[in-house]
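Letters A, B, C, D, E, F, G and H name the chains as they come in the text, with residue numbers starting at 1 for each one.
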Amino acid sequence: MNPEKLRELLEGVRGGDVDIDSALHRMKGLPFENLGYAVVDHHRAMRHGMPEVIYGEGKVPEHLLGIFKNLRTQSPNVLATRVSREAAELVMSEVPDVEYYPASRVLRVWGDRRILSKGKMAIVCAGTADIPVAEEARLVAETMGNEVLAISDVGVAGIHRLFGHLDKIREARLCIAVAGMEAALPSVLGGLVSCPVIGVPTSVGYGAHFNGLASLLGMLNSCASNVTVVNIDNGFGAAYVGTLINRI
Amino acid sequence: MNPEKLRELLEGVRGGDVDIDSALHRMKGLPFENLGYAVVDHHRAMRHGMPEVIYGEGKVPEHLLGIFKNLRTQSPNVLATRVSREAAELVMSEVPDVEYYPASRVLRVWGDRRILSKGKMAIVCAGTADIPVAEEARLVAETMGNEVLAISDVGVAGIHRLFGHLDKIREARLCIAVAGMEAALPSVLGGLVSCPVIGVPTSVGYGAHFNGLASLLGMLNSCASNVTVVNIDNGFGAAYVGTLINRI
Amino acid sequence: MNPEKLRELLEGVRGGDVDIDSALHRMKGLPFENLGYAVVDHHRAMRHGMPEVIYGEGKVPEHLLGIFKNLRTQSPNVLATRVSREAAELVMSEVPDVEYYPASRVLRVWGDRRILSKGKMAIVCAGTADIPVAEEARLVAETMGNEVLAISDVGVAGIHRLFGHLDKIREARLCIAVAGMEAALPSVLGGLVSCPVIGVPTSVGYGAHFNGLASLLGMLNSCASNVTVVNIDNGFGAAYVGTLINRI
Amino acid sequence: MNPEKLRELLEGVRGGDVDIDSALHRMKGLPFENLGYAVVDHHRAMRHGMPEVIYGEGKVPEHLLGIFKNLRTQSPNVLATRVSREAAELVMSEVPDVEYYPASRVLRVWGDRRILSKGKMAIVCAGTADIPVAEEARLVAETMGNEVLAISDVGVAGIHRLFGHLDKIREARLCIAVAGMEAALPSVLGGLVSCPVIGVPTSVGYGAHFNGLASLLGMLNSCASNVTVVNIDNGFGAAYVGTLINRI
Amino acid sequence: MNPEKLRELLEGVRGGDVDIDSALHRMKGLPFENLGYAVVDHHRAMRHGMPEVIYGEGKVPEHLLGIFKNLRTQSPNVLATRVSREAAELVMSEVPDVEYYPASRVLRVWGDRRILSKGKMAIVCAGTADIPVAEEARLVAETMGNEVLAISDVGVAGIHRLFGHLDKIREARLCIAVAGMEAALPSVLGGLVSCPVIGVPTSVGYGAHFNGLASLLGMLNSCASNVTVVNIDNGFGAAYVGTLINRI
Amino acid sequence: MNPEKLRELLEGVRGGDVDIDSALHRMKGLPFENLGYAVVDHHRAMRHGMPEVIYGEGKVPEHLLGIFKNLRTQSPNVLATRVSREAAELVMSEVPDVEYYPASRVLRVWGDRRILSKGKMAIVCAGTADIPVAEEARLVAETMGNEVLAISDVGVAGIHRLFGHLDKIREARLCIAVAGMEAALPSVLGGLVSCPVIGVPTSVGYGAHFNGLASLLGMLNSCASNVTVVNIDNGFGAAYVGTLINRI
Amino acid sequence: MNPEKLRELLEGVRGGDVDIDSALHRMKGLPFENLGYAVVDHHRAMRHGMPEVIYGEGKVPEHLLGIFKNLRTQSPNVLATRVSREAAELVMSEVPDVEYYPASRVLRVWGDRRILSKGKMAIVCAGTADIPVAEEARLVAETMGNEVLAISDVGVAGIHRLFGHLDKIREARLCIAVAGMEAALPSVLGGLVSCPVIGVPTSVGYGAHFNGLASLLGMLNSCASNVTVVNIDNGFGAAYVGTLINRI
Amino acid sequence: MNPEKLRELLEGVRGGDVDIDSALHRMKGLPFENLGYAVVDHHRAMRHGMPEVIYGEGKVPEHLLGIFKNLRTQSPNVLATRVSREAAELVMSEVPDVEYYPASRVLRVWGDRRILSKGKMAIVCAGTADIPVAEEARLVAETMGNEVLAISDVGVAGIHRLFGHLDKIREARLCIAVAGMEAALPSVLGGLVSCPVIGVPTSVGYGAHFNGLASLLGMLNSCASNVTVVNIDNGFGAAYVGTLINRI
């Protein structure tokens, strides 16, 4: 039951064609989307100027291609994350203007490059091995209309490297801090800026790193009060929340 | 070396009393706080209208009292979290206008009740047992100048309870979702609102809950893209970041 | 907005007092409980002949007393689980006919003892130390109207003890198997009966038992196909689901 | 029956007071294999109208083929789970009417399609990536004679999608809820239906999901009382128990 | 023995070809409880000269007293492990000749001190803090009739201490090695003796010891091939198995 | 310094060629093997009639071949465990009479088939998937001179299968119980026999099995007192200890 | 057999009283300490100028007193760690010049205050709650003769605080970095100094800190190459190793 | 702002071209590296005679080649760790005098072989499977100018093997102990030497070894006080810290 159907029903009530008890009965289970809610929700991403984002992990190339082409007809910007090279090549062979970033495994069309957010988003990355995750965050953020300041290789074991970028970072409305190993960057950075910091632990490390657990625990226990955390390697999620904050 | 000292040094240079090499030498190790940075930093909380927040865990009552009294002389608002009843009673016996909230173990003076943030902050709490953590978040948030909308007992196993509050929640600029057990609230809520959601997993549960681990993992793996997470039971941290977002 | 309110609205539409657009607008956010859903849900437990069950953990005695007295006015059967002795004594001093079971920490009034389920529910318990959890399951099950067959001390290291009860157990429509330590009972029992088995791992054990983790993992990895599992020490949950199955 | 009783029985046989058939009958519950119980047990699956189910993991294709052919001679329905494509192709090249489902890796002959259960079984699946596990459950359930209602892509971050199916789901006698990531579906669904819900956590997720641990813990800590849980990705087990419940 | 064989046997009994005693004898392996096997099993411990052992954890003092007195009437030796001081004092006030060992929390009557095993059992203990677990093992072993060689404080960080006892240890038929912290003793000892070594990890340690997990993992990964392991702090279990080996 | 060297030294002392102080000095650090200990130790395996056992994991085929050939010259029996097919084929192409068991990845020459132990060793295996581990144990045990009773597919979910073999199992001096999944076999078996049981948890399982952790914890928490445990999949270790026990 | 005995034996050989074969036989098992090794080892601590250190955890006050008094007679410096207040008070009532540090629970007599090491040892502590562990390290280090530079409250979320002390820290030969929560201090500090850094993770934290696990993993995964780690809260161990390094 | 810029600024102040307030303002954020700090830091490795070390994991061969060639122009010694064979072959085809060690995956040019440290560094390795990690440590240590004593296959289950090398090991200034499985070597070794021991747990093991966790926990809980620990398989880190100690 969509709004049109509901309008018809109400008109039936007004016209006397439908008695109130049967109207009540038909409205009882009233699923949300019948009220148009789902439609609104479905379009929410686009109304916010956010491109649809496809999660490519485990999708067979043909399915990914189908979804990608479909979204491309609706939006100038289309993003897919965690896309295999094989799937990327299939899409690029059929859809024009698609770029593939093999390190982060992001695939996108970036047709509409307007800035939609109100401030800068800093994406600060600890080690060079963390760059793929930071790149995913950057690509998502810029495709969603953020002005992005991307800074790499400023891990805390060479703290002066971070200081060299501090003035610029402090101009951002929010920071995304991407770090593996002991993942101390959000704590140090959090103490140096006044804005919210979203920590993205990465799976970069070995041995007692346990595939990102060490980085995750480090960020969750940050002694800086302005840090929140997303899942390991979840550059997309950090950029998504960052965009929401940056649009406030 | 504080700014005054640095000024003196520069004046010595200007006046020729200090040659440039020895000035350079003295400035070489130039610790940050010597440039007044630390002072700025120390005062940052207050300049932002944020009260100093004391972490009471493990502090002996006398020390807590000393810190509390000291801060009270500087600010109309003082907050302390995780304060034992014993310490609270000591402080209340010596400092006027102090309130103690035994469930959340928060102690505060709330003299300056101006709203300093730009929007509402919703603090949504799943079960009644999670209320102490939500209360900590609420007390921190309101003392820091937020207009807070606090909603309790809207766990996902009775999803209609949440829907009853949805219109109000959607007016908020951001949500804090406090939940123990399976901690599904941020996922459900995140799908229903467009703003950022900060999830606070709680240690409420038993058995395979492992003191909050289950809730934490649930929130980190949320299928809603607008959720970030803080440490287990960290109502303070969520409110702190929420305030930063709410002031943007 | 409850059904009465909705009826009024529809009558307004029918009578022309409310135009359709404003009716649509008012119905847009239509929270579920406004349609009476919540009321139905709230009464669901009682309509099913199930007593309200209070989770006593962490509740102060006075609150528990208040809730207990309130429910007592509405139902002949009231159950509270995980009740401290102190709270139990307070309730017993004020409410007649209340029994307290200190091992399982269950508090109940069992006024209506009719059998509401269609078959027997076997509650089979491995070791004597697991009895408190099995007792919680038994008290919940019988208060909810099940005919319960409770068998104790039939751990698998003395498998003949189980065989002595097998004929009776096979008459049950479902089994609840309560076990700590290696928790092999559901596997062995599951292979001997044709009905569903609900495993309740307990926290009984030490060392590498890790507070019930070993029992939980054992049950989840059962080689018997008819076993499902609930949380560690969750006798209540097993009895609740068991009652639902037993009423089919 | 103790030794004295057995001696009496034997004396009755010797004296002619007890005929051999009734002696045999009374001894029926005696040790399994000695009384041919094992044979009965071996046939239990088939007597219940359940096809034999082969666990294909790790079996070499030739062995799988042998077992499959053997069972095919005894039953119109044969199921094998976790079958590699290589093994599936071998079986399909030798046995007629075999279907292979590559997503769930199920191989089956479904000759006898009668409905043997008394109600509907709903299999509700959170995300598209969880479909392989839900498909395994569906194939097992329908081959075992259940009327199955399969619903996909109703994850809790878009809760309205679930509401659209609720009326149909409520007609089922039991629900199987398949979900990865935070796995909140059983909690939300459990609050909306009155029947038992069997949760199947999946290994769908990354990072702090730890191969299904997050989903498993989420379901075990469900705040809905009508949820029990099986092992990660165990669609088969959920369908098996569901069939037992559905035949009550 | 299958039904046909059983029928033949019964026919032999009826026809007089088989007398009842030999029929009973052939049926002896039949189901346990029916043949009184359980009774036999119940007495197994005593027939082996092993005293009944009571697990005292969680037992209320009155229950422990009752069980202890009962066993005392049947056996000159009675052992209870993990007994609280309160329970011990109650038992000692009512039963003569009872000794309590507060470190290991063992309570026993040791009336029959005959050596029933064939060789010596060495119980080797790494640190002084591990002595309570080693003492439990020693008391169990000697009460079960073993000649025990107990050696303490021979941790591997002072390896020469172990060498000083090696000649005596090598006379033993088996060794029990009790160790906390890194628990390297079984590996070192296992390389120096030819007999089986039973490792007992203890919960002695702190921090990354995780209540015995580190010791347990250390022993399970021993590079000495003659080491098997029991649960953390399970001195009783080691002594029990050791006695079985020592009686071979 | 080997015994010959020590003898020379003593002869030097006796003959006056070496004064006592310098003899003492040379003997001060006296490494063990200098006293011939290492040689004894090195030959210990063979003196006990045990073949040398090579751990093949990670060894390149050429190295394995070299070691295997060398040992073959010294002993009629040579065993290597965890050998890749590639390495096995290389060895078989160069050494006569070598057999390779691909399931357990054991490679051996079994020239001397005398029974060296005093009783039978039962190797009891729960599921067919556990057979590789049981086979490793069997091959090690029989090559080391044990009379082995190998029984498969007697998992506890069909407990009658175990009972059919019980009489034979009870003739053994010790049992090795190999089991994956919930690994309840040692507990059930331990309650049915009087001899020591060595449990070998296997990595057979999925999901919450965590590569053998569930089986390991199950066995460590066995409620049967006669069970000790070795590492996951360590069939070799169980057979080695079992041989030591069987030779007592 | 000590050196004197060995000398006698050699003299017997020289004199012809002992033949070589029987000398060889008596020397075969030659335990280390018989060569005086143990004595050397036993006195090693004191020869190095290190006081004996008593681990007080779990020791009853009377035993602690006995050991303390005994050591006091041999050394001007005596240290005991992890001492309860009760035990401390007993010792202080009987031994003069004993100081007790309740935060770190260290008890000591510090009679000989000479500096025995060659450089400074910096003990740098992140948060005020970590001070007890740092204090333990400091007391151990100074009692062992180090010149200690103790710096507190220089956590990385206020990085400028650390810079203020950097010149002094760089004068040290080695640093001990004590930190809880995310424990980033060793990484940051390690990047700023050239000397070895010993990280001491503390149990200070809550929730996902898991009693020090987060801090421990953070330090083990440090991106600074000059960091090694000791157990959680092991201030003693860090100071001990630090002393060894400082004496090189 | 680098030192030159700062000098200019000061000259501006001296000359009156820059007033003090604006000088203060420009110096306020004063990033560290602008003071030349970064340059010093960047060159620190080389000033210490340490070659630059490249972490090869995850680097594409072309990038590794580029970095390697660049460093080769600056230093006679270049080291890269965790280098794939493919990348190694590329580098060796373009850079002369490069050696690749496939077991440890180290690639190096070792042109300058001077000894820069003051003592010997012993690298002691438990099992042959641990050799790759020990080799990494050895190559790093010797390229950094240490005199290395490398000893292999001295695992604690054959303790006499270690004693045979003890005299030489005791000459070292520090020991690196590399061990997998139960990793007892540092504890035993730590008790036999007076110098610092750096433990390197390895991932060598299986089953309950959990990829090195068992070895790591073993070393962290060492009962020898002179042991510190680095991450699993981190031979590089141990050698790096060892070099710092060896240069003191």
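The definition used in the following text is that a contact is a pair of C-beta atoms (placed from the backbone, for glycine too) under 8 Å apart; a residue touches a chain by one contact, two chains touch by 3 or more.
These numbers were taken from a predicted model, which means no experiment stands behind them.
**Student:** C-F versus C-E: which interface comes out with more C-beta contact pairs?
**Tutor:** C-F
**Student:** Provide the C-alpha centroid distance between chain A and chain C, rounded to the nearest whole angstrom.
**Tutor:** Inter-chain centre distance comes to 40 Å.
**Student:** Quick check: how many Å separate the C-alpha centres of chain E and chain F?
**Tutor:** Taking the mean C-alpha position of each chain, the two centres sit 24 Å apart.
**Student:** Go ahead and note the Å separation of the Cα centroids belonging to chain E and chain H.
**Tutor:** 49
**Student:** Residue numbers in chain H touching 2 or more other chains?
**Tutor:** Answer for chain H, listing residues that touch two or more other chains: 41, 158-159, 191, 207-209, 213, 216, 220-221, 225, 231.
**Student:** Chain pairs that touch, all of them, please.
**Tutor:** A-B, A-C, A-D, A-G, A-H, B-C, B-D, B-G, B-H, C-D, C-E, C-F, D-E, D-F, E-F, E-G, E-H, F-G, F-H, G-H
**Student:** With touch defined as at the start, can you tell me which chain D residues reach chain E in the complex?
**Tutor:** 1-3, 5-7, 10-11, 13-14, 16, 20, 23-24, 27, 29-31, 33-36
**Student:** Mind listing the chain G positions that touch chain H in their complex?
**Tutor:** Contact set of chain G toward chain H: 41, 44, 48, 53, 119, 173, 191, 194-196, 198, 216, 220-221, 225-231, 236-238, 240-241, 244-245, 248.
**Student:** Over in the complex, which chain F residues touch chain H? Could you list them?
**Tutor:** Against chain H, chain F makes touches at 29, 31-34, 37-38, 41, 57-58, 201, 203, 211-213, 216, 231-234.
**Student:** Name, in rising order, each residue of chain B that touches chain C in their complex.
**Tutor:** The touching residues are 129, 158-161, 163-164, 166-167, 206-209.
**Student:** Looking at the complex, which residues from chain G come into contact with chain A?
**Tutor:** Residues 126-127, 155-159, 181-184, 187-188, 190-192, 205, 207-210, 213-215, 217-225.
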